[in-house]
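For reference, the structures are reproduced in the following blocks.
Each of the two complexes below includes chain A, the first together with chain B, the second together with chain C.
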Partner chain A sequence: MATIYNRSRTINWLALAPIFLIFVFVIAPVINIFVSSLQFESLNLLRTESTRNVVWFTTWQSLVSTALALTVAVPVAFVSANFKFKAQRLAASLISLPFILPSIVVGVAFLQILPSSFHRTSFALILAHVYFNFGFASRLITARWIQIHPHLDDAARTLGASPFKLFTTLTLPLLAKAITNAALIVFTFCFTSYGVVRVLGGPSRSTLETEIYFRAMQLGDVSGAMIFSALQVVIIAFLFVVTTKATGKKHEQSTRPTITRQIPLRTRKQRVVCTAIISSATAFSIVPVLAIAFRSMNTNSRFTTTAWRTIFSNPEITRSITKTLTYAVTSMSLATLLGLLSACSIAYGNNKFRFISGLTTLPIIISAVSIGLGIIITFDTQPFDWRGAQLMLPLAHTLVALPLAMRIISPVLEAIPDSLRQASSVLGASPRQTWLNIDFKIIRRASISAAAVSATVSVGEFGASSFLARRGTETLPIMISRLLSRPGDSLQSQAFALATLLVMFSLAIIFIVDSFTKDKFSRDSHA
Partner chain B sequence: MRIKGAKMQTKFLPLIFVASLIAGACSGNQSSDSDNASTPTDAPTKDSTTESNQAGNVTLTLLAYDSFTPSPNIFDDFTAQTGIHVEVSLGGDAGELVTKAGLTSGNPEADVLWGVDNTLLSRAVSKNIFTSYATKNLADIDESARKLVPNNEATPVNTGDVCINFDVNWFKQRNLAAPLTLRALTSSNYANLLVVPSPVNSSPGLAFMLATIAEFGQDGWDEYWKSLKQNGALIVSDWTTAYYTEFSGSSGKGDRPIVVSYGSSPPAEMIFANPRPATAPTAVAALTCFRQVEFAGILRGTKHEPEAQLLIDYLTDIKFQEDLPLTLFVYPANTNAKLPDDFVKYSLRPESPLQLDPNLISSNLLFWLDEFTNIVLR
Partner chain C sequence: MLEIDKVSVIYDSSQLFANLSLTIQHQEIVALTGPSGSGKTTLLRCIAGLESISAGVIRLDGQDITNRPAHLRNIGLVFQDNQLFPHLTVGQNIAYSLKIKRVSKQIADQKVREALSLVGLMHLLDRTVINLSGGEAKRVAVARALIAEPQVLLLDEPLTGLDIDLHGRLLEDLSKLLRARGTTVLHVTHDKTEASAFADRVLDLRQLIS
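Now for the complex of A and B:
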């Protein structure tokens, strides 16, 4: 994209921090563990039938989950982007909630809700994946949809387009990039999901990610695990390249409209449709959460608040609550800053830094096991013996949140027409002033969103944390998983009480942020 | 309080180190105030700090699996006796511990590792993660466990059994005899009643698979699993799901009355229950039990080998060993340790549990698990 900043040297420096961090904490450790453990005999694994089965199952369940998640997300986005209604912010917060729940908790919650004939089926697994991802997908799509100028719709309607025609020929093409973006991320999450697969898929449904863990940890076959890990990266990377080739060329030069698309519900039909969509989506989001909360107040089939009283009087747990919140604040700041830097270097870097977009996704597409083991063998000598360092946990959370943070800020930044900046520049503003007064003001809202998502990712992160946490640095999801694996019904109830607490933290974060980003453009000039 | 102190210590370890150097120079007392709970006597009055200074600054890291939950202040005595602090670091399940220790062999993350069991032992030994040590308590340790480590590669710390557990009331209500042998589980009387955690990612599940290999031999065990599967055995991914979600005898209200769990699950059901039921709700089929032995070892490359040896002595000594039954629900390896009455009353110790040679296990494990996956899971 051509912007007035393109000639500035500072752009090169902006890219440095994210590149450095990903290189040091992801790429170098992974290369290290690969080189030091890979044996060529393990390549034979690729030819076995069971490997083919695993790859096939991983792929089809991800495809189906992604398709279904989008099917649910698009109507929700339609309502959120086009209408204004009561309790909109609350509904939006609740719908975003599943995305940040720790996967083990969701798995156990679904076991509670689903009749036992659905346990350990692909259906349960896919349902949980849809549950996890539809809210996030609808957020991404809504963000773009809101930017489509309402006058475009008016023009189409004036020219006689039916609502269906309008959607397929105008809205859908404009949303294409946001939808593929969302689909890619959802696919990646479903493809690499671990906790849900373990709990809901049952032992006969292994995915690449669970195979990697099983090989490395249960069998001690790190080499075989690395082969699977590489296979996983290759498959996802291939998909990224193909879709980026297909959609990446177009730049949608449509800015945030000065008038809002969101109109109040007027007709009866609008009311019925919107209520139906939003209330069923909200119900879908909160039923598992209610099941968790209910279970936390139920020990040995009796109603009791013992679990709640216990968790607040247990010093280990209260410490873990403090840790969780401290890490959330740290990784929120880091991820937002780095996301901002990455987004800026991609937008202003003459396409030179477009690769950062791929680079930031590495922490989610490379299996946590490979990164974790890599870190253990890489940072093992003084003065870099950081294996038990406190900083590792928020850093890991930052890396997991970074791709999301960047993807929230990036589209908004890229949609700013350069004419705005040129105008500012012509009027005598320095590039710095222009950036602060144009770009920053426009992406402020997206940045706050990115911060919220990063904070909630950190609160609920489990995979990397379980690897890096040491005594005294356990976050809530780790405490939950430990309690769940211990005998005794009262400990199980405590796990659910903590899970409920986690949900409340995340909900609070989303809610606070959503009220920050309250729409300032809600002039209702749309007829 | 102790836990908090231990944590403060890691976080500020460098700080404390520097501080203690300075403090040592000024002949102050070396332990940070948060440790007072654990060393209540020595701090304020002692003037001659020099001789205890050396040991007082050592903090050993004891790496253990996630479910390592001894009594909170159990290491206070050790600290009082030796001046050495112990920080417990939990690092996932036992398999994870061994894999990570294997990768960092010679440059370990901790000083002592707790929790390698007999299914993982030969992997740990072949990766050379331990440095051998003969504890002073060796003579008191269970002989069959000691035989597994002839060169003291690691030290046995506890034993336990994985057995078929059943819901006593379920069988009583239906006037049915509970299954007492592995073979019985394939009878149509017990169709669709059994739930098993998968050996692929659960350690009791693995022990149960090994039990069937020990019982039916390497030629017969796959046939056995085929009939188990035909008889409607349910395989779930982990022990928690099997025991708490599917089993009817636990609090989870599942609908299957037979489960693979620990020999010590019945006492756990009683001891954790509030109010305590009149009779134990679950029981164990003694002939189905597979013996699990857990080991602790000094990680090769530790900077505190002499101190680590003291810790191994402490872990195998009476005090610590007697803490194990009611906290980890395992039997002490030290034969002189006394068992709590409740534990003896409700648990069942099989006379001749099923066993397999650790070397046989490690050389065949991959093959067996593949076989299992093909027979049962596909």
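Now for the complex of A and C:
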């Protein structure tokens, strides 16, 4: 995109920070993992039956979880994209709730609602993965479905297409790219899922991600962990390349139609179908959360607030609460700033910095656990022995949140027509004034959303933290995991109280940001 | 013959029109004019089965089709903005209704070629519809509607937005084509000159309300 900022040298400087950070803390550690793993004799590990079992289990549970998550997501997207109904926004928020929950909380929730005979089973894992991902998948599909012009459906109907034919010949092909993208993302999340598998899977249901942790931190087999990490990176990268090529040529209509698809519920059949789908999805989203809160006030089969009182009086736990919030603020600030810098470099760099988009995808492909492992094996010798540095944890959280922050800001920035900037220039504004009064005003809402997402990611981050947290720097997810691994009902209740606290933190961040942006920007729009 | 008998339509809780009656004879071309917002497009959508009416009856060749779903009415509609399927090529767009009816590929291919040569776009058979010009897209939309052999063809402001030269040429081509095929047509437009140049009979929507 050619913009009025193209000739400015500042863009080169803007791009430097995200490039440097990703190179030093993601690319270099991953290269280190690959080089080191190739040097080890334990490369033979790849040929063992236990490795094949882990890869097979990781793959098939991800495939089944993805298929089921999409099976639940498509009907929800159908209702959300095609109908208007009471409390639609509330229902949409509740259905999206699982995705903002920390993964360890989801694991803990299913530990509570499932009978103990289902603990440590594939069923529990798959159900938790469906829960975690269906709302997110339905959002992606809804966003695309809502863009399909309703008159296209009308044209197909006047040409003789029944509702079923209309879906198979028109809607499904037009949704194919969105569904494939959602499937890829959900599959990646399930494949690299860590918190859920650690809590629900146990030693018998190990995936590549938990195996990396288990080998590095429990067995001390860092070389084995590196081989698994390299294998995982290769598989996910291969999937991204294949899917990107497969969906690259599919048509994508990018503009929102001038008339809405969403119609009020008119017939009884519509009301029954929509109510059934939305109420089931909403119940599925909130029941596990309520179950955690309930369990936190239930110790030894009696109602008590002991667990809550204990967590606020235990200095170790209060310190971890403070640390969690401090890291959240730090990584929120860093991820938003870096996301903004990346988005600006891409938008104003005249294709020179388009590669940053791919670069910021790396933390998704590489996974949080591998980032954590990469950092501890790379920065382990003086003068770069940074493993115990206070900033390492929020920095790792920043890297995990950066892809999301960048992807929230970038589309908004790229959609700004340069004519707006040109109009500002001819009215006498300098490039700096134009940026502040045009670009920044338009992207500030997206920036605030990016900040909120980054903060929630940090609050619940468990994968990288498992490697980087030291005594005194434990975050809440680490604390929950530790409490769950110890026997005793009161300790378990404390774990559930902390999980509830994590949910409350995540909801509070979203609520504060949502109310702030709503008030602020509705005022702007009325002005 | 298409009969619209005392049809009323409520739109967004207010009455758009009431007791509207109109009869179109077999192979007749009728143009319907009226100011913006008078309900011309809504009337077409009701006839096509895309909107429901609050009172009255719609008959096609004597049969009551008021409650028949759109896909079973055999009434074609050319939209103002064409609504070509973006994921299909020109040829696939035109063949859409034949695919729905499971017409054999060989016959479908032949019919598509005939339809394309009829609208003078044979060279665009495998082209994606995204980059078609306004005139080309309109011709494809007409060919797509005609290949389904509808009993009545509804045209919703089909020439709006085209430049003057193209407008005149397309109007002439469309008129010749539809008359040669003996298609029954209801053409909605706000342009009275276009209406009288195109149709056997020109009606004002407001005069149809009793």
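Basically, the second predicted complex is superposed on the first by the 313 of 527 C-alpha atoms of A that agree within 3 Å, B and C clash if a C-alpha of one lies under 4 Å from a C-alpha of the other, contacts with A are read in each partner's own complex, and residues count from 1 in each chain.
What we mean here is this: a residue touches a chain if its C-beta (ideal position, glycine included) is under 8 Å from a C-beta of that chain, and two chains touch if they have at least 3 such contacts.
As the structure is a computational prediction, the values presented were derived from the model and not from experiment.
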**Asked** With both structures placed on chain A, which of the two partners, chain B or chain C, ends up touching more residues of chain A?
**Response** B
**Prompt:** First (chain B), second (chain C), both or neither: which does A:Thr158 touch?
**Reply:** second
**First (chain B), second (chain C), both or neither touched by A:Leu111** = first
**Request:** Using the touch definition from the top, say if A:Gly220 reaches chain B (first), chain C (second), both or neither.
**Result:** first
**Request:** Could you say whether A:Asp489 touches chain B, chain C, both of them, or neither, answering first, second, both or neither?
**Result:** first
**Asked** Just chain B (first), just chain C (second), both, or neither: which does A:Leu174 touch?
**Response** second
**Message:** I'd like to know which partner A:Ser515 touches here: chain B for first, chain C for second, both or neither.
**Reply:** neither
**Request:** Name the contact category of A:His149: first (chain B only), second (chain C only), both, or neither.
**Result:** second
**Interfacial residue positions of chain C with respect to chain A in the complex** = 45, 48-50, 69-77, 79, 81, 83, 85-87, 96-97, 99-101, 128, 130, 144-145, 148, 150
**Contacting residues of chain A [partner chain C, same complex]** = 149, 151-152, 154-162, 165-166, 169-170, 173-174, 250-251, 253
**Complete:** The chain A residues in contact with chain B across the complex are 33, 37, 50, 53, 111, 116, 119-120, 198-199, 201-204, 206, 210, 213-214, 216-222, 299-301, 315-316, 319, 373, 376-377, 380-381, 387-388, 390, 466-467, 470-472, 474, 481-482, 484-490, 492
**Message:** List the residues on chain B that touch chain A in their complex, please.
**Reply:** 1, 3-4, 6-7, 10-11, 66-67, 69, 87-90, 92-93, 95-96, 98-100, 102-104, 107, 109, 123, 127, 198, 200-201, 235-241, 243-246, 250-255, 265, 268, 272-274, 329, 365-366, 369-370, 373-374, 376-378
